[in-house]
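The structure under discussion is supplied below as structure tokens; questions concerning it will follow.
By letter and in written order, the chains are A, B and C; residue numbering begins at 1 in each of them.
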Amino acid sequence: MKKKVILAFTFVAVLGLVAMPLFGGGRREARPQVTVFWALYDGLTEDYRRELESAFMAAHPDIDLDIVAIPWDNMYDQILTSVAAGDPPDVSVIGTRWLLELKEMGAVLPVEDYVSQALLDNIAEGTKEAELEGVLWGLPVAAGARLMAINKDLTDVVPTTMEELRDAARDAADRTGAYGLILPGQKHTELTDFVYYFYAAGGEFFEVQADGSLGRSTVNSEAGVKALQFMLDLAEEPGLVPDGYLSQTRMDAHPVFYAGNAAYVMIGAWAESSLADAGATFEVEYAQIPGFAGHPSQPLVVTDSLVMFDGAGNPEAAAKFIEFFYQDEWKARFDELIGFPPVTLSAAALPQFDTPLYEALGEAAINAKAWPLMEGWAEYDDRIWDAVSEAFLGRKTPQQALDDAAAAIDRARGF
Amino acid sequence: MAARWKTKYTPLVLFLTAVLLVIMLFPFAVMLVTMIKPSFEIYATPRWWPINPTLHNLVAVWGEYRLAGFFTSSAIIAFGTLLANVLLCIPAAYAVARLRFPGRKFSLYFFLSIQMFSPVIVVISLFRIFVELGLINTYLAVILANTVFTMSFTIWMMTGYFRAIPLAIEECARVDGASRLTTITRIMLPIAAPGLVTAMTYTFIWSWNEFLFPLTLLRSQARFPITVGLYNFVGRFQTQWELLTAAAFFALLPILLLFFLIERRLVEGLAAGAVKS
Amino acid sequence: MSFKQRLLHPEARLAYLMMLPASLFILLFMFYPVLHVVMMSIHDTTRLGHLRDFAGLRYYNETFSDPVFWRTIGRTVVWTVVAVLVKTIVGMIIALLLNQPYRGRRFSRMLFIIPWASSVPISAIIWRWVLNHEFGLMNHTLKSLGIWARPPVWLGEPLPAFISNLWVDTWIGIPFMALVFLAGMQGISADLYESAEIDGAGALTKFSRITLPGIRHIIIIATLLSALWTFNDFNVVWIMTKGGPAGLTDILITALYKSAFEWLRFSRAAVLAVVTFVVLMALALSYARLYFKGEND
């Protein structure tokens, strides 16, 4: 009797576990499968992703393509988890600043070994940031310097120094009752909103050692303190920056500009498509992010790359996808949607990239400076932003806060 | 008796209920008015009712994104987790509640100990295990992971409910010649049904809302459940609250419908069970 | 009966068999991963989390000598205690209200469940919007009703941000408490209340003499589970503030996630995980004692 009961239970339990794959959909396809981690840029539509997917599969019926949309916020974690578990995607968009980390892990393949020479020749020379020691590891997918957008309904001044910017912003705020300048007080994936001021003061994150490698942190240099103090002064002037700046990431703060409630914002090329999305009707002028008096303008440039991962299984099929995507038909439309300047020579010649925005971007690119390319940057970036927060909150002076951050970074790097 | 309750306490009850409901439903009220605001009213001077209410956001979100696919995935994952929970947990809960054996307390601790780990802690190792088992990017992987984290609640709930049933009832049935299996399925389970429903509801909500596992274990856009699908909206629409709230509204509807269907059983079943015994 | 006899008793054998599937399942999908975490905490790890050299207790020493760690621990304790208390009290009040007979209580029961039914990531995102300093309707309402003329920057200043996170976590947890308590209350026989009324007991007496003892086990289980979930609530903190500003709203689980997935310091993260485990184990054990109190087995 009892035996029967026991048997019945075991049977049911085992049956249940065995039966579950039936609706698990876990069957393996024989066709090569290419998985692409696809970053959700502002302005990139779901339609585009679907059309690209089906167009590629129509052209290559033997390959199963899966383009997985992932928000930027989550991209880094997703890639790391999958690499750590030994099951990376075939192709992924990455921030080029993560490349060194991934290369040190042995996670990426040199893309130049897999795509055609014709494609490599078509990539603009200045955008090949993913070149390490002469080897091109990834193709630039979106490369753009940051610039300043000005609401012409609120101000006519195009400032040429940070000090002028402050005065013009104050003036605009006083005259119109709108905010003078957008100043996000919280980090959104990167240190961006500090680095605008830091680079404008001629700041460098690290000293360069004799052998060319990066040494101790110099974020607490005179430039760093000057930049942070300047941000604090901006924040403390009533009405100059949005009231709730302390709680705003750029994702919360930029819409204030899109809504016509601020005169100046330091922003990327996506401004144009975002303004259109928000239904903005005011006139916008694009200008360079100024340097402090006596310093040249040195805007941040951010490159994202398309890289191939080792161990994903189908590098040849993955390369076919990359070739397909970099045709003008797809890549130029992509650039246009996300509002970044084209990275291929053939697309650069297209008429849609002949606008004031792209002109300003081209100019910005000349002096632009990138993030440091190093292992562990995500941690140091966090530490620096924590220092910025502590200064904003009045818990430390800018000098103290940056000294502490520099010390923590040096300690973590073993100096 | 009911009449006396009404005259004496009802006004206070109603007042307190109303206050608490306003507090608890505040964000949903915000969601409802935000999703009918045109985009240019979002970052204007705040006001509750939009100047130009519109259904455009709902249409736009429903049209551009295939929400139905997300819902199907969520349902498969949630029901799979339910099934696995029932099969694994009811025997275990019965054993702990009703049978005498050495290590009974230890088993309860053992089952409870699952709750001490957060998905965050184990997600990398689980990922590796599922890679080894060839289950990455399958619903099964997510179902199994969800099951691990919901089992402890189900076992404890069911143990509590089984223990509350008087031994006499079960012994009666056994004297009448019913087998253990019959006793469990015909007598214990119906009496403990409210507990089971509560546990299943919890499991369902947990798996419907779980985020980290589908996010890491699934790879195909087509298999994403609604949580991941919606989170991806956030990446895109963080600033476009009118679209985001519209999407959240759609995500909320099916689970509310479900609640509406089972709600009567959820709480009142217990009273009925008690009366019968 | 000797231990061996008891172990081999048919009833015991049946019990083990019935628990076998669940136990195997847990061992494979829970204890094996946890074991790996423990191994990581006493080894150097690569930036992918693979084990390298044995490191002994070095990472434990490093962690325990870090003042930020202790502040995070303190904050996590406050977070858990306050949240569970508020959830229990408000949940109890709601359960009592819903246990009263009045027209429309089914409907209000439905409404109370909504925050729990809604997905946590989505709720947290909506709360971010509600609490938006300038454009959110929370501050707008506080100001226009004259309740608070100058509300704080909820998600920007450390204490208001912590309170916001705490509230959202609590808000999500209250309906669960209410529902479970209500289920317990409805299991209490109406006769008990009637005879108490004949004895002239007031509402408070009935609550403390009948209701509370009647749902004692359920309260214990529900608050324990709630404490465990609250302690481990990653989604709310991560989506609302990411532990910011300056790490001042971090709780243990977000600090852990940051160490592992952002900074790739897996050994350090594993130490935090082990600490989490030890703390929760202690909590669970003391609770289990409470649960079994007054039983003779």
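FYI, a residue touches a chain if its C-beta (ideal position, glycine included) is under 8 Å from a C-beta of that chain, and two chains touch if they have at least 3 such contacts.
From a predicted model like this one, the values you see are computed outputs, not experimental measurements.
Weigh A-C against B-C on C-beta contact pairs and write down the one with more.
B-C is joined by more C-beta pairs in contact.
Hey, which chain ends up farthest from subunit C, C-alpha centres compared?
A
Can you give the whole-Å distance between the Cα centres of subunit A and subunit C?
Using C-alpha averages as centres, the distance is 35 Å.
From the C-alpha centre of subunit B to that of subunit C, how far is it in Å?
It comes to 15 Å between the two C-alpha centres.
So which bits of subunit A are touching at least two other chains?
2, 5, 9, 13, 17, 81, 84, 252, 256
If a residue has to touch 2 or more other chains to count, which residues of subunit C qualify?
14, 18, 21, 49, 134
Note the residues in subunit B that touch 2 or more other chains, in rising order.
Within subunit B, the residues that touch at least two other chains are 42-44, 87-88, 91, 124, 180, 231, 234.
Mind pulling up the subunit C residues that touch subunit A in the complex?
Per the touch definition, subunit C meets subunit A at residues 10, 14, 17-18, 20-21, 46-49, 131-134, 153-158, 161, 242, 244-247, 258, 261-265.
Considering the complex alone, what residue numbers of subunit B touch subunit C?
The touching residues are 1-2, 5-6, 9-10, 13-14, 16-17, 20-21, 24-28, 30-31, 33-34, 42-44, 46-48, 87-89, 91-92, 94-96, 99-102, 104-105, 107-122, 124-126, 129, 144-145, 147-148, 151, 153, 155-157, 160, 163-164, 180, 194-195, 198, 202, 205, 208-209, 211-212, 226-227, 230-231, 234, 241, 244-245, 248, 251-252, 255-256, 259-260, 263-264, 266-268, 270-271, 273-274.
If you look only at subunit C, which of its residues touch subunit B in the complex?
On the subunit C side, the touching residues are 3, 6-7, 9, 11-12, 14-16, 18-19, 21-23, 25-26, 28-30, 32-34, 36-37, 49, 90, 93-94, 97-98, 100-102, 106, 108-123, 125-127, 129-130, 134-141, 171, 174-176, 179-180, 182-183, 186-189, 194, 203, 217-218, 221, 224-225, 228-229, 232, 234-235, 253, 256-257, 260, 273, 276-277, 280-281, 284-285, 288, 292, 297.
Using the touch rule from the top, collect the residues of subunit B that touch subunit A in their complex.
38-40, 42-44, 64-65, 76, 80, 83-84, 87-88, 91, 123-124, 127-128, 131, 134-141, 143, 179-181, 215-216, 219-221, 223, 231-232, 234-236, 238-240
Please give the residue numbers of subunit A that touch subunit C in the complex, ascending.
2, 5-6, 9-10, 13-14, 17, 76-77, 80-81, 83-84, 101, 104-105, 185-187, 242-248, 252, 256, 375-376, 378-379, 382, 386-387, 389-390, 392-393, 395
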